[in-house]
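Labels run A, B and C following the written order; every chain starts at residue 1.
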Amino acid sequence: MNGWDWSAVADFMPRFWDGLLLTLQVLVLGSLLSFSLGLVWAIGFRSDTRLVRWPVQAVTEFIRNTPLLVQLFFFFFVLPEWGVQFSGLTTGTLAIGLHYSTYTAQVYRAGIDAVPAGQWEAATALSLPLPRTWIAVILPQAIRRIVPALGNYVISMLKDTPLLAGISVLEMLQQSRLESASTFQYTEPLTVVGIAFILIAYPASLLMRALERRLVR
Amino acid sequence: MSADLPPTNDLTPVSAKTSASANTDTDTDELIRFDKVTKRFGRNTVLDNLCFSVRPGKHVTLIGPSGSGKTTILRLLMTLVRPDEGTITVSGDQLFPAGPKEVREIRKNIGMVFQQFNLFPNMSVLRNVTEAPVRVLGLGKDEAEARGRELLDLVGLGDRCGAKPSQLSGGQQQRVAIARALAMRPKILLLDEVTSALDPELVAGVLDVLRDIARTTDITMLCVTHEMNFARDISDEVLMFDSGKVIESGPPERIFSAPEHERTREFLGAVL
Amino acid sequence: MTAGLWTHWVLPGIWITVQLTVYSAALATVVAFAVGTARTHRSRTVRFLAGLYTEIFRGTSALVLMFWLFFVMPSLFGWALVPMWAAVLALGLSYGAYGAEVVRGALNSVAPAQREAGIALNFTPWQRLRLIMLPQAVPEMIPPFSNLLVELLKGTALVSLLGVADVSFAAYLVRLATQESAQIYSVTLVIYFVLAFLLTRGMRTLERKTKAGIGITTTAGGAR
C-alpha cells in the first residue's frame, strides 16, 4: 500500500499526451467511418428488395449484438490469415467504425422515420425527383434528431477506445500500462487516464444535451 | 343506500349559524381556517390575502371563473402546494410549517376527489379502495375489504371489485375515487371539479352519489364545481371567487337568486 | 477445434460469461434503482449526489474502471479484488449509472397526479414510491433495460483482458492451441449473439407480463 505520487504523474504526462492524441485520431476516423457506413446500412434498410434489406438487417443486428472486443480480435487475428496485413491501429479504427456504424444506422433510420409521411407525399405531388426530395426535403428535417444522437455515440465510442489496448494500440490505456510496466507505478497513470475520460466525456455530453434541447422539439 | 355510509366522526352538531364566512373573526368552532393566505405561481397571484373559515359538518361550494384560485385552495389543504404567506389551520392545527409527522396527522382527516379521478392503474378497483386503509390506518385486510365492498356497493359498483380502473368508464372511475376517499373516514372531503372530465351522460350518476353523502353524513365538504344545480342542492354556503379573493358569500338561495356583486351576476349569467 | 478444447475451455467460458452477466446485472439493477430513485428525491443534496454518481460513472470507460479497480484499489486503499469481482463491480457500477437514468426517466413519466393521489390518501413517501410509482414505472423501464442488458453482456468480454476465463478468453486460448483464428472467433461471436438473443426474448416476455399487471394490453396500441 502506497500513497499518491505527483512525480509519477509528471513522468507519465509525455506518454499520456501521445496516447490522448492517438485516441482522438481513432475517434475522429472511427466516427467518420461509422457515419458514412451507417448511412449505407440505413439506405439498405429502406431498399425495395428483400434481397438487400434482409442481409443488411442480419449483418447489422449481428455486429450490434456481439462484443466489440471479440470483433477486434477477429479482425486482428483473422485478416492476416486471409492475407490482409493491417497495423493494429488501422484494424482497431476499422473495427470500431464498423461496430458503431450499426448504431448510427439506427439513428439515421429513426431520424428519417420521424419525418412525417406527408412530407414525402408533398414532394411526390410536386414531382420532385428522388435525390432532390432527399436533399431538399427529408434530410434537413431528419438532421435535427440525427446530430445529437450521433454525438452521443461519438462519446460512447470514445469510452470504447481503450479496448484497442487489447490489440496493442498505443491509446491512453495502453500508454498507462506501458508506463506501469516500466515504473511499477500503477496508481497514477491509470487514475490520470480515468479522470481524462471523465473530463472529456462530461462536457461533451453536456454539449450534446444542449444541442438536443435546441434541435429536437 | 344511506344505511351503509361510513360511521361518522365525533363532530359537533351542526349549528344554525352561517358556516363559512369571508371574515376573519376568531371562532372556536371552526374546522378549517385560512388566514391571510397568499399563493403565487411565478408572477401570477392566484390567492390574494385570502381569509375564510368553515365550520364542522358544513358543505361549502367555491364558484367563480377558471383561474380564480378555487382549486388552489383545495390543493393547499391537501398539502399538494404550499402557501407563500399566511396560515392555514385544520381543527386548530397549523398546516404550514409543520413537520412531516404532524402534517400526516392532520391529513388523516382530509380526503380528496380529483377532476381526473387519479385511480391507481396498477391496482384492482377493490385494492384502490383498501390499500390506504390497510397501509396508512393499519386496518386488517379482511376488515378493509369488507368496508371497501360496502363503499363500492354504496357508489353502485359492488360488482366491479376485481376490475382494473382502465376497464371502467369515467363516471365509474370517479365513483370508485369517491369510495376510495371515503374509505379513509375523512372529516373533510375535498371535491375538485369532480364531474368536469366526465361525458355529460355520466355526470348525474356521480352527483347523485355525492348528494347522498351530503345528505346522510356529517362530513364537511369543500367543493369546487361548475354544476350550479348541484351547488344549490348541497351547499350550506357558497363562496364566489374572483382574482384570488372571495368577493361574495352567503347561502345558495341568496347567491343564486339575488347576487349582490356585479362580477357574480356576470359569472352566473354566463354559466346558468 | 477438438472436443477437448470445447469442453475444457469454451463451455466453462460460456458459464463464466453467463455468471458475470447475472452478477453484474444484479448489481447494476440495485444501483440503478437506488441512484435513479435518489435523483427524484425531494432533497437537493440527495439529488446532487446521485447526479454526481451518474455523471462520473457514465463518463468513465468501463475498461479503464475495471483496470483501476483491479490494479489501483489494492495499492491505494489496500483492498485486493479477485479479477472476477473487480469486473462485476466495474460493470455493475457503470451500467448501474446508465440504468439510473432509465429509472429516473420512467419515474418522471408517471403522471404527477398519481403522486398527488398518494399524498391525498396519506401514504408516506416510501409507500408512494413502492406501491404507486414503481409498479407503474417498471414496465416503461423494461425495453431500455433490455438494450442495456445486451450492452452489459457485450461488456463482460472486457474481463478477458484481466485474465478471467470467460468465453472471449477461451477463444484466445483456443487460438493459441490451434494456431487458427477464423473458426474460433466466428464461433465466439455466434455464442454472444445467441446469448443476446435469449436475453432480448426473455425481456420481451417480462415486458408483456408487467404491462398486463397494470392493465395495459400490448396489442392495444397507445392505450395510455
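One rule holds for everything that comes next: a residue touches a chain if its C-beta (ideal position, glycine included) is under 8 Å from a C-beta of that chain, and two chains touch if they have at least 3 such contacts.
Everything numeric here is computed off the predicted structure, so don't read it as measured data.
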Per Cα centroids, the chain farthest from chain B: A
Centrality ranking, top chain (CA atoms only): C
Most contacted chain pair (by C-beta pair count): A-C
Computed distance of Cα centres, chain B from chain A, in Å: 57
Inter-chain centre distance, chain B versus chain C - centres from mean C-alpha coordinates, in Å: 46
Inter-chain centre distance, chain A versus chain C - centres from mean C-alpha coordinates, in Å: 21
Chain B residues within the chain C interface of the complex: 78-80, 104, 107-108, 110-112, 114, 116, 118-122, 131-132, 135-136, 164-167, 180-181, 184
Interface residues, chain A side, partner chain C - complex: 1-4, 62, 65-71, 73-74, 77-78, 81-82, 158-163, 165-166, 173, 177, 180, 186-187, 190-191, 193-194, 197-198, 201-202, 205
Sites on chain C touched by chain B in the complex: 111, 113-114, 116-117, 119-124, 127, 131-132, 135-136, 213-216, 223
Complex interface listing, chain C residues touching chain A: 55-56, 58-65, 67-68, 71-72, 74-78, 150, 153-158, 160-161, 168, 171-172, 175, 180-182, 185-186, 188-189, 192-193, 196-197
